[in-house]
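Below: the structure, in structure tokens.
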């Protein structure tokens, strides 16, 4: 019985969101407000359960070695709460600064190790492999990478060779954008297929129920 | 001093420590990058209290002042409380609100899931309206965008395989032609992010501080 | 056959390299797939008992013993079971230790030093000689003033919509720089600005940013913290909320900045349907095509990250952009040399000379 | 005149058309056949070539929103693994995906009469993202002491021979977000783990650099990828039905693009004459 009620609710909410396609209307507004309210609370519970409880409360209660270091994030977390008091709200900048520091450090190392090096490595292709087509394709990849990088040169005006290269770069970029768009259409349609199948299956189930 | 210098110092120290420890496997440094991610989520947890509080006040104000559409703010509160209360109850009763069979999970399955997936499914419609509007052969670059998008769109469906050349062309575009620019864009972003991180650590970039 | 196999077998125990210590690796050399089970036993050199630690992996022929104490010596016994025989091998003593440097990351270190070197060098140069630094035109950033201006003329508010990434993402910090510019224009024109936030830390930073901008143009009294809106930390809940706000507040200009996922197009199409000028910028390569299709101006990838230098035009910032460009040039030259090397190596290899090819592969392995 | 109207067509008509063409095949259960692409074939072959009894780790990194695309993939891969008598270890990096993964796993395991704890296991979710991935490289049992339902891993025979990534033949990441990058950057790079990614179609184009760089050994993209895998395993499922809706929707969009361009050129010519 609970399941049938649940399906009714789910069907109703599905239709309410779809109604946004027609334009703003009270049914959509209802779903939207419910959604924002519900999900805001959902993430509170989520953060409590998966982060605060499991990463703070349990290690401290269990006296795990190293739990003492949690004092650092707890300190900056509490500083964040100064935003409730406008006169000392600026103290929260310390916490922001701390998180920005974490982010910058991770980007510096992670960006090089995880992205730049493997991608540069993969571009070190041979221009002659013994197979004409393979060689041409390698050339296209290398040429695409280099001209695209030229487009992202900022400190010099795009004139002369740089200008020509950057123009080819933007042509490549647009081809990539078109390909990515065309490829994505499929995924978006899949989502709608999922939703409409759900509606259709639910309708069949509800008909059978009565 | 406290408002500007200290935050800059915090960012500098945190960033530098995170970068250096990347190269040191010796404890306690080796694990620091992983720990920092945990610390970040703890601070995020605290900040969420601030965020949710401001959202609750926003709707409270709307109701108190009888602003236009304030009725929907009741819906917001209903959604928030339904999730929050079932979350707390399930957490106390089962120790895990996210386990199968809790009232929290029931609401998740029949409220959040349909809302989430239908919102996502709206994209099927927007992808159609955006391509109708944007894919016009206005100039050379727009034409390229249009042509690659259409070819790939055709190539992704079985019927495209029946038009000679479309499938190999799509595969070739995806495997080679768009690979260079995709890689170039990502290398560019990684470099830009590294340069940004350096500026942040050095205290040159400080939008939110001064 | 079996005897030959067994004769060629040996077992090695060594400190697991490049780690934080506490670990010893036991490797069986010379195996090729016939192993049924391989048991690893350890003796701590205090008595004569060997304690079972675990099984040799059947794919890598290794066992990593993470229960070792740093500096303490151990002996290992490995029992290898084959279909028709069992073989026992000993190795050791060996001890675990933690390393102070991870040499597999040397390439990362070298790159970081070169790249930071360029950036720091050009920042230094810019400090000494602030003249003559150039940054190429980025139309989307020039359009900011126009968009806010037009929104003001129409008497409509301006929307600034943050993406879904946290403050640790470079794209978010770039978004904050753009927000800074937008809010000083908005403060100047005295039009309402609504900033929607997905991440609460970003909300705090946005609030500080906008407040500073208002203070700078001397309009701090017009700053309204309530317009820095937090919605929800849920992708599509955020989308639904922002869509609703946009449709009801009817903005004249919409800025979509930060890291976006699938919601990019929902937001951009809704913004378009209310007739707003839209300026988008993202470091999410996947979402760029949608912004290009649905928005008036788009900052493509790295352009977003250069925004702070473009807007501020401070010499040090421009210097860092120049340094970063030289880093890019370095990568391009590196790719160029690498490609030439790879090509020569491949051609020679086809002709039967594999010396260069081996050198190239060794280099790739190190990289 | 008609062309002018068409350029300014109310987008709601487009919405209506899309809705209709997607719904029809669902209601009438239409199917289409698909051609196999190289990247799906190579994913299939990698799994197919694993020796009997090897372990395949499948990571469920998606939630309900991406279920229509990734769930058919999960089921097709599971069917393949069970058919080949491979061991399956399911883990989750998206807590909200836990029930979705469990549901798919149990459903397919029942079809093949597989035993829990012997042929397959569901480890559930542990918080910590990248930290969990890295720690699994040392010892899986030190991160996941128990399985999803709380049974200690040591009590389940499937885990006897499995310590860390060294014992995992192939890792299959089913991705709706950034977790795939993390698998490649952290586990692929540091532990030399063979990885196959199954991703939503939107992310697929972005994965080609990884495929070309050899950082992943196979790629299954979107519903079409799922339909291809279903064809390879030779057990049709929801992927193939969806392809019919897909086909009609794509054709509708292309039709609208063509109409849009014709009207654009007709109007431009008129404008020039004036």
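Per-chain residue numbering starts at 1, and chain names A, B, C and D are given in the order in which the chains are listed.
Everything below uses one rule, namely that contacts are C-beta pairs under 8 Å (C-beta built on N, C-alpha and C of every residue); 3 or more make two chains touch, one makes a residue touch a chain.
Computed from a predicted model, the values in this text were never measured in an experiment.
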Inset, instruction - May I ask which two chains are joined by the most contacting C-beta pairs? - result: A-B
Legend entry - Most remote chain, CA-based centroid, reference being chain B: D
Inset, instruction - Please compute the C-alpha centroid of chain C, do the same for chain D, then give the distance between them in whole Å. - result: 23
Inset, instruction - Round to the nearest whole Å and give the separation of the Cα centres of chain A and chain B. - result: 3
Legend entry - Mean-CA-position distance for chain D and chain A (Å): 17
Inset, instruction - Pull out every residue in chain C that's touching 2 or more other chains. - result: 105, 108, 112, 115, 166, 168, 170, 173, 201, 204-205, 208, 231-237, 240, 248, 262, 285-286, 288, 290, 292-293, 300-302, 306, 321, 324, 328, 331
Inset, instruction - Enumerate the residues of chain B that touch no fewer than two other chains. - result: 19, 22, 37-38, 40, 43-44, 47-50, 52, 55, 69, 98, 108, 112-113, 115-117, 119-120, 122-127, 129, 131, 133, 135, 145-146, 150, 153, 156-157, 174-175, 178-179, 182-183, 185-188, 191-194, 196-198, 200, 208-209
Inset, instruction - At least two other chains touched by the same residue of chain A: list those residues. - result: 17, 20-21, 29, 31-33, 35-36, 38-40, 42-43, 51, 55, 80, 83, 90, 93, 95-96, 99-100, 102-103, 106-109, 112-113, 115-116, 119-123, 141-142, 145-146, 149, 152, 173, 176-181, 183-186, 188-189, 191-192, 194-195
Legend entry - Interface residues, chain C side, partner chain B - complex: 18-21, 98-102, 105, 108-109, 112, 115-116, 119-120, 123, 166, 168, 170-171, 173-174, 176-177, 179-180, 197, 199-201, 203-205, 208-209, 212, 226, 229-237, 239-240, 248, 262, 265-266, 268-269, 272, 283, 285, 288, 290, 292-294, 300-302, 304-306, 308, 316-317, 320-321, 323-324, 327-328, 331
Inset, instruction - Provide the residue numbers of chain D that touch chain C in the complex, in ascending order. - result: 11, 54, 65, 138-139, 142, 160-161, 163-164, 166-167, 169, 177, 202-203, 205-206
Inset, instruction - Name, in rising order, each residue of chain C that touches chain D in their complex. - result: 23, 54-55, 57-60, 62-64, 66, 235-236, 261-262, 273, 285-286
Inset, instruction - In the complex, go through chain D and note every residue touching chain A. - result: 12, 15, 18-19, 22-23, 26-27, 65-69, 95, 127-128, 181, 184-186, 189, 200-202, 204-206, 209, 212-215, 221-224, 238, 242, 245-246, 249-250, 253
Inset, instruction - Would you tell me which residues of chain A are touching chain B in their complex? - result: 2, 5-7, 9-11, 13-14, 17-18, 20-21, 29-45, 47-49, 51-52, 55-56, 66, 69-70, 72-74, 76-78, 80-81, 83-84, 90, 93-109, 111-112, 115-116, 119-120, 122-123, 137, 140-149, 151-152, 169-186, 188-189, 191-192, 194-195, 198
